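Got a structure for you, questions after.
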């Protein structure tokens, strides 16, 4: 154990005292605000007015979050067509943003809300588009 | 232990390399404080010295290769990205590159530069994560906290560019998803200067702090000959002096224009891995800052039709842990016929078992960390005692007796 | 990599060579794989066994030994019939293939004779039913396997 | 024993007060450790998180206790009480309000040695009694470590006794009283350094946290403890921290000694108490800093270090001290 006698023990001490003077990196999150960046991909949101019910989002979604629910019927010319609106099971959402990219009408957005923990997963099912956008 | 399972009746071959008695195996994992992910290693001990290690993987096998066969090409991008949280971008890069090679489309130059920037930022954060973990396993929590503190800077940058800290969903088939945000170039440059300064400090710290070097120098040594035989990838290969890097040899993204300076070291132990990875951190800083300066204008993606022509494509990228291999076979349908992923840890695990040989149990965590394991990527080590033929995994009682005997022997 | 050497090797082993953009494929019969892999890995330049890929080709199971060298790959390609999926292991001369071969044995049911993991599980759980088809084969139905394992 | 002495023994500066000191030390430990690593440390409970250790203690004590099947229930139930008693009794032999301790007798240094050994013995007993695998390995390491650091620890404690020609700490002509003119840290700095290093080993702090290395053997010998037992064991570890720091103050830093201007006896006692706690926190802080700055060594490296370097050094220091006193 010759190294012991000529050791450089305690190399970190100077840096330790310098660190004390700096602001800590820990954010006071549950007690203070957490700032996320502009592009942060959080909870999915839909603007029911812009949605036309084209089902593209349902097709592209990799996590099967979106299901199209028939909400009524309308006549196009002589043909009766079902009107569909998306319902979102947000507990399976992986926030990839593929639906937002593919929505031609700009109805979908990823908000910066990241506080997604709930007691019942059913409470995250978003049916906003079903009630208003008829 | 019943009579019919006498030690000598239950011998089996261990990975074809030696014979051992099953009764003397010491399990390491699948749940162990030094493994953050479940994996099982059978350690064969001679006293406290490890003579043989047999891995058993698959505890987090999620059948992703099968799942990929039932998803469309675009959906798979997000699936493969979730193989690993740390090198998620490398996975999506490997997959998208392989698919692009099938379609024959070329990603625009700007898109390739942005891919390089994000890939190198990911390497920075992965290497810093590893350095912190080495500090943690060596009982040096201060280093761990400091390094992770600095890693936050990189993660914040990644969030600003891609919108998420780990699962970036940034590389898509045909380029990258979004343009770089405004004013990010200046921010990247200042943060990189900070990281470079810190990397210099950490190099000094890990090379001189004696309590750390006694744990790392000469520990987990692999020779160049072993490395040639067992084909590890990434830093584990480079620390034996073989300069092998996918980025340099088979460039993808914009690595042909901004080539890496391939770092090597000759000792092949944990201490040299520390220095090597810190050198790579500095090199990545240089590459990112060069790429930001030279960033060409123009489109950042091309739109590629969602049907992929028939064919096979082999691609590999340099993930932070080494070569990451993708093989994609298309049958012309909307989903791939077969995707094979070989993550870097699978290639490294055999070398890691070799590194463990000859060391004591106290060194297992630091050596295993040395290869930067990512079992999520890879998809178990138990200890056998050759002289004693005693099963450690049976009960506390026997272990206690063994412990008493061991220390009696050691103290006498 | 010189394709001449590969052509020579292919003609020696009774196979053929096809060239793609980045890969050179060496098609050999299953019994010549060991020799082909040995020759490829000992060629000048550092040939590194990247991985071994298994493919379900319907009637056969294709096995691809992918070696990385320089700017591309050399692939030793062979196929074994599904009715008798057996092949010689290359772990004797290339020990790095142990895990890759074990993986194919698990996922596609090809036995590699000489591999230390022969007959053992690597990736799949130990209670994976022996009578169920290996999961990456086309006939494997996840629902049926789950039922066989008593998960549903 | 008069009522004042009883109050001193039980409240201030006796047992109750030192238990609160243990909480304060734990807070300071966590806070300095965190701040030096760039974190915040406890912030929520109380001002600056001061009440966090207390809250943690009561939370742990109120949790369900799980006793492993193979364990020795009797030892596990009553062991923590004895384990707690060791530093709790030892600490009242430390003089705080003057050079005289609340309790003292002629040979209390030997009693301190007994307490330190007893504390380790209890830890080993508790670890074995809990019958966990990690605890068993930890106890093995604990005993190996104890055999290696005990000799230098005792030798470094004997040095002040030789210099003071007394085996009493807080006695009439004890070690503290003998340091009136000159602190022993100046005469015997090596002994002080060795005492601090051995204390780190005794307290299982880095670089000698081998028996409780959480990345290797989970919680060390405390792995199988839960609820009430764990709460008391943890409190005892903090109390040992205070106890060893107090011992260092008494043996090397002149105890509560310092310049006293007033002749009022109560005011003098206050001065002494202030001096004592300033020194106590200084020693505690020194231990925090060492703990933060170093990585863990391996058990064989620690044993080698203690036997090949520290033991000869402490013997040399002892020889120097004997020469100085009896020349």
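Labels A, B, C and D are assigned to the chains in the order they are written; within every chain, residues are numbered from 1.
As a working rule, a contact is a pair of C-beta atoms (placed from the backbone, for glycine too) under 8 Å apart; a residue touches a chain by one contact, two chains touch by 3 or more.
Predicted model, so just to flag it, every value in this text is computed and none were measured.
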Among the chains, which one keeps its Cα centre farthest from the Cα centre of chain D?
-> C
Note: of the two pairs B-D and A-D, more contacts are counted for B-D
Could you grab the centroid distance between chain A and chain C? Build each centroid from C-alpha atoms only and quote it in angstrom.
-> 41
Measure off the straight-line distance from the CA centroid of chain B to the CA centroid of chain D, and report it in whole Å.
-> 42
Per the centroid of Cα atoms for each chain, what is the distance between chain C and chain D, given in Å?
-> 62
Roughly how far is chain A from chain D, going centre to centre by Cα mean, in whole Å?
-> 51
Which parts of chain B, given as residue numbers and ranges, touch two or more other chains?
-> 142-143, 146, 149, 209, 211, 214
So which bits of chain A are touching at least two other chains?
-> 4, 9-12, 16, 19, 25
Taking each residue of chain C in turn, which ones touch at least two of the other chains?
-> none
Which chains touch which?
-> A-B, A-D, B-C, B-D
Counting only contacts in the complex, chain A reaches chain D at residues 1, 4-5, 9-13, 16-17, 19-20, 22, 24-26, 28, 31
Complex contact set, residues of chain A against chain B | 3-4, 7-12, 15-16, 19, 25, 36-41, 60, 62-63, 94-98, 101, 110
Which residues of chain D touch chain B in the complex?
-> 36-39, 70, 128, 131-133, 136-137, 139-140, 143-144, 147, 206-207, 209, 213-218, 292-301
Enumerate the contact residues on chain B facing chain D in the complex.
-> 33-34, 135-143, 145-146, 149, 209, 211-212, 214-215, 360-363, 365, 395-397, 399-400, 403-404, 406-407, 410-411
Can you list the residues on chain D that touch chain A in the complex?
-> 32, 34-40, 43-44, 289-290, 292-294, 301, 304-305, 308-309
